[in-house]
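Attaching a single structure in structure tokens format; questions to follow.
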Amino acid sequence: MKLHEYQSKTIFSKYGIPIPKGRVAATAQEAKQIAEELGGRVVIKAQVLAGGRGKAGGVKLAKDSAEAEQLATQILGMDIKGLPVRKVLVDEASAIDQEIYFAITNDRTAKKPVMIASAAGGVDIEEVAAATPEKIVKVHIDPLLGLREYQARDVAVAIDLPRAYWKDFVKIAMGLWQVYSATDAILAEINPLVITKEKKLIALDGKMMIDDNALFRQPDLVEMRDTDEDAPSEIEARRYGLSFIKLDGNIGCMVNGAGLAMTSMDVIKLFGGEPANFLDIGGGAGADKVAAGMRIILTDPNVKAVLFNIFGGITRCDEVARGILAAMEEVKPKVPMVVRLVGTNAEDGRRLLENAKMITAETLADAAKKSVKAAKKRKINS
Amino acid sequence: MKLHEYQSKTIFSKYGIPIPKGRVAATAQEAKQIAEELGGRVVIKAQVLAGGRGKAGGVKLAKDSAEAEQLATQILGMDIKGLPVRKVLVDEASAIDQEIYFAITNDRTAKKPVMIASAAGGVDIEEVAAATPEKIVKVHIDPLLGLREYQARDVAVAIDLPRAYWKDFVKIAMGLWQVYSATDAILAEINPLVITKEKKLIALDGKMMIDDNALFRQPDLVEMRDTDEDAPSEIEARRYGLSFIKLDGNIGCMVNGAGLAMTSMDVIKLFGGEPANFLDIGGGAGADKVAAGMRIILTDPNVKAVLFNIFGGITRCDEVARGILAAMEEVKPKVPMVVRLVGTNAEDGRRLLENAKMITAETLADAAKKSVKAAKKRKINS
Amino acid sequence: MVTLCRHKPCPCEGTYIMSILVDNNTRLIVQGITGNEGLFHTTQMVAYGTNVVGGVTPGKGGEWVLDKLPVFDSVKTARDATDATATIIFVPARFAPDAMFEAADAGIPLIICITEGVAVQDMMRVRNYLDQKKVRLIGPNCPGLLTPGKAKVGIIPGDIAIPGNVGVVSRSGTLTYEVLYAMKNLGMGASTCVGIGGDPVNGTNFTDVLEMFEHDPKTEKVILIGEIGGSEEEKAAEYITSKMTKPVAAFIAGLTAPPGKRMGHAGAIIEGGAGTAADKIKALEAAGVKVAKHPEEIPTLLM
Amino acid sequence: MVTLCRHKPCPCEGTYIMSILVDNNTRLIVQGITGNEGLFHTTQMVAYGTNVVGGVTPGKGGEWVLDKLPVFDSVKTARDATDATATIIFVPARFAPDAMFEAADAGIPLIICITEGVAVQDMMRVRNYLDQKKVRLIGPNCPGLLTPGKAKVGIIPGDIAIPGNVGVVSRSGTLTYEVLYAMKNLGMGASTCVGIGGDPVNGTNFTDVLEMFEHDPKTEKVILIGEIGGSEEEKAAEYITSKMTKPVAAFIAGLTAPPGKRMGHAGAIIEGGAGTAADKIKALEAAGVKVAKHPEEIPTLLM
């Protein structure tokens, strides 16, 4: 789960990390008022859960509250990478001397949290990492011991931070560690952490991602979830505990297991088709989940055929078959359905579907070929 | 630093450990009012930092608020082990089914925190531990990982706690671990943890000791310190960072280092004297500390002679000598002083004291013998 | 009792259990044995012939499961009573970290955690703690282990694989079944199938298992089933290049997967360019591994 | 470079540095070198001939101390630049835990922590972490080490001891000086004097040091200086009974000490009846140790 910049920075502030004065606004009038309160120059920043908003024109500097209103109007009318801008953050503008990159995230290879820092912060940090990796400092944190101050100091030394800032940097690092730990973050990123002309360290921008698997113990964060920006089908899928991602093809897929779901998509493509979605119904899915998944797939008008690939293990094929039947009853699909059932209770499942006018297949390759063929035929017919 | 029962239980409650309803009172009137608010039977408990208050009559059951007032008057007039009772805790009375002992403390041998529990809780727990150690359960806690729920469950199983209480017991254990960790406790003890007739687990009594070395990060706890019950000389000593314990003998001692201070007392006793105090001026003590120590020693009217045993290391003997001279100037002592200086700058120290009419000694044994002799002589003279 | 690695010099330095991981000597307990999933799969494992010796459900100690398996309140009492050599975990995600810590503290040398959805910061603590204790963990979020004809420790359907000389290691669940099934249809058997799980932080990784297969006399060929994300496949390719003498075939899922939600800049920095299926296939092919285009093709590459 | 234990079989399993702990080969850095105490004792150690190679004070990297010792910002840079084999810590109590963690992480195998007043929960974390890393800690709240004529790593005044064949180990500070001074006055020299410190949770304990002395060819007799509290003296007595061949004399401080403030019932339960000077003396005498009545008597018991 991603947090907005303004949400991330509010959390930063709670753990003692300095942030610019500012507030979030949903209308241009609010933005104007906040700019008036702050006085002086302000930055208007689109709050969307997508990268590259600066290059898309979603971040603008306003010299006064009038200009703030005008720019806010403009930004609140934008779409960035397909996402409508519904809120803007109005921050007092900072005069910047240096931009630092600083983050704590998980290093899956090391099985430990890692601090990442660079004196060359800002939007081009990834190019810095690719071209001059020696400019990126990485220090691992023992997950049982937690971050220790000397490690933060080592980072300050390694990025050539002037001594005068070490103490504040250590405080910010310890704060970011607390943010990361307390929120079950998988990413807590400050970019840029700036040295202002007034010789202060401030977190100018913030990005956080929370571990979905830890949300059960993060009720406050769950409330922060912004569902405005998810596709309705993805929200619906989440409600049923399904893992769904919409794609641009025309063959709907319903599979149990993420790896097999990806493989099914790969095999569709291998045989000349285009998958319309990724859908993993998970292990042990019952009839209701299956029915929900099918409804979600069939909402997509692009879908010209559906492939069911179920390898029963925890999941029982007869349960899946019942879900398919229930959903067919409800949505009366008009597209061809290719079904392949193997494993636990596959016989029972196949028997249940015997009268449902579905195309059956023995292997995944066979199923993929048949669904590609069915989708093409359908295309010609329609 | 010890906390009172009412302070400990307030902290317990903050971390989710159930405690009886109740409040602390400084007067019998207050006690009466609290008893009225609570209704029903109440327990009046003397709040003194000494053990055995129950056997001393400091804990009484009152059937109503009138009796509560009467008993509070009585208890507030008591001295328990030399400590005047200044406050009483008025708690609603509980009907008890079973008394459990439960504590978290440090095991210095294992270098780990340890949970200790017994089904045979109550005031006789130490006899239980001595006579039937198998009735005492000990489970160590990894200080880097913290207490895990299964460990608490293991304790519940080991003390034969009925299953219905396991869940609540685990909550109490996790709460006590948080109490212990958050307060830098060296002891967090619930005795008894009772099962009431209403089938609830409640911490009926609580005792906490905080690590003095961690008070720098426990400002809230520092404010809870009850100095009423310390001897004035000990409060004065603490102000100067001196480690002082008043004893019953007549030879005052000032020594650098706890081990050497105890040894000096032992040697005084070995040669027939009685030490009047333990006083460790610590390492690197300056003249002001020495002067403070001397003032504190000489406040005790029992003191008939003073032994200074200084082995210079970090401590410099000339500094100590200066402190002695300054203090003599101020307090004009009338008792004989035996001084022994060895180690860092001992020569300079001895030279400074040359004109101060002090008895000098070469070895500790020699110094002890001389001080014993001086104190006896003084006794005869006085 | 478990069979320990007997190679001299021992490549695993005595830290893991060989030939590989489970067989008829395994004495297994089930954590969460009275839950829905635990009970269902215990029944399946027992039916397969796995030597299940008991289970753990706090609060249900003293009960019996399937009329013959004792239930204990804690792993420690279960181990003391049964001499268990391995444990399989079927408890809900929020209790799984405690279940793993408990198993490790009870001295169980091999832990298989099937549970899906364990929080990643918990897993980092678990992994670092278990490493200190030299305990081997398989999973979490994995289908477990299957040594066909000997022991099934997990949820892989027993009837889709036959005994043989091909070691199978996989990050995926049902995709693994797909491959085992294709093998069986071609008459190809497995020595052991190890589902290491797909979570970002887990216990045993590809390289660990390849090393076990390389030293396992019963394994002659190896199938590796990977997917997008992380860099374990690239590491496996390095190991194959430098140490492996047995032939390896592979399949990598996710060639058509859309790029995942990005972990800010940090993800790109930490993961580097790695993680795409194309990169992984390239790395494996460079290591001499034959990479299949679809799962049913894999076994044919080893024939 | 430090001299590692060369016994075969190695009684310490390679975890500590022998003969014992420090000598002229020790390359020492000082954490907190620019502080009052750090600077004073660095001067004393250098004057004694200890091979001090540099120091650490965060924020003062690049400065010099005593015109010849480089100051670094971190232990890691100090170690990289100086090949230090040991570190001595003189930082204030609240920073001492971090200083110990930092030294351990920088790979320094021997840490001597002089600092007094470290919080005990911090020390439990430090000790458990250092044990994982197989790092040896002396202290905290200790006077450090003195190998007369070779190296002084700590605050024991150098001129109160002469080289010899008696190993000295003590929980106390100035009481140790008293004993060394009494030895010197009788012409008795020390092989190494180890102040292990008096804190409830510390690094090296009596038994560790007795074991080192037992295996140290330069040590022929041992003096042990204990005090009330804990049960390290009782443990030492057990070790002496079962393993020690060299004669030991002892002194225990605190026969007349009032009982300390009690740690609730828990203290009594955990510590048992142990902890009084009388108990300790009894245990040591039962192990054949001669126990002195006052410090000046100790050396005479070994003559």
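Some observations on this one:
Here the chain labels run A, B, C and D in written order, and each chain numbers its own residues starting at 1.
The rule we apply is simple: a contact is a pair of C-beta atoms (placed from the backbone, for glycine too) under 8 Å apart; a residue touches a chain by one contact, two chains touch by 3 or more.
Fair warning: this is a prediction, and the values are worked out from it, not measured in the lab.
Compared on C-beta pairs in contact, A-C and B-C come out with A-C as the pair having more. Centroids of chain A and chain C (each the mean of its C-alpha atoms) stand 28 Å apart. Chain A and chain D have Cα centroids lying 54 Å from one another. The centroid of the Cα atoms in chain C and the matching centroid in chain D are 47 Å apart.
For chain A, residues touching at least two other chains, in rising order: 142, 144-145. For chain C, residues touching at least two other chains, in rising order: 125, 129. Viewed as a contact network, the protein chains fit none of the simple shapes, being neither a path, a ring, a star nor fully connected. Of all possible chain pairs, the ones that touch are A-B, A-C, A-D, B-C, B-D.
On the chain C side of its complex with chain B, the touching residues are 58-59, 61, 73-77, 98-99, 101-102, 105, 125, 129.
Within the complex, the chain A residues that touch chain D are 142, 145, 148-151, 153-154, 157, 163, 166.
Considering their complex, residues 2, 51, 101, 103, 105-109, 111-114, 116, 125-126, 129-130, 136, 138, 142-144, 181, 184, 186-187, 189, 191, 207, 209, 211, 213-214, 216-217, 245, 247, 255-260, 262-263, 265-270, 275, 278, 282-284, 311-315, 342-344, 363-365, 368 of chain A touch chain C.
Remark: chain C residues 37, 40-41, 93-94, 116-125, 127-129, 143, 155-157, 160, 170-178, 181-182, 198, 200-201, 225, 227-228, 230-231, 235, 251, 253-258, 261-270, 273, 277, 293-296 touch chain A in the complex. Per the touch definition, chain A reaches chain B in the complex via residues 144-145.
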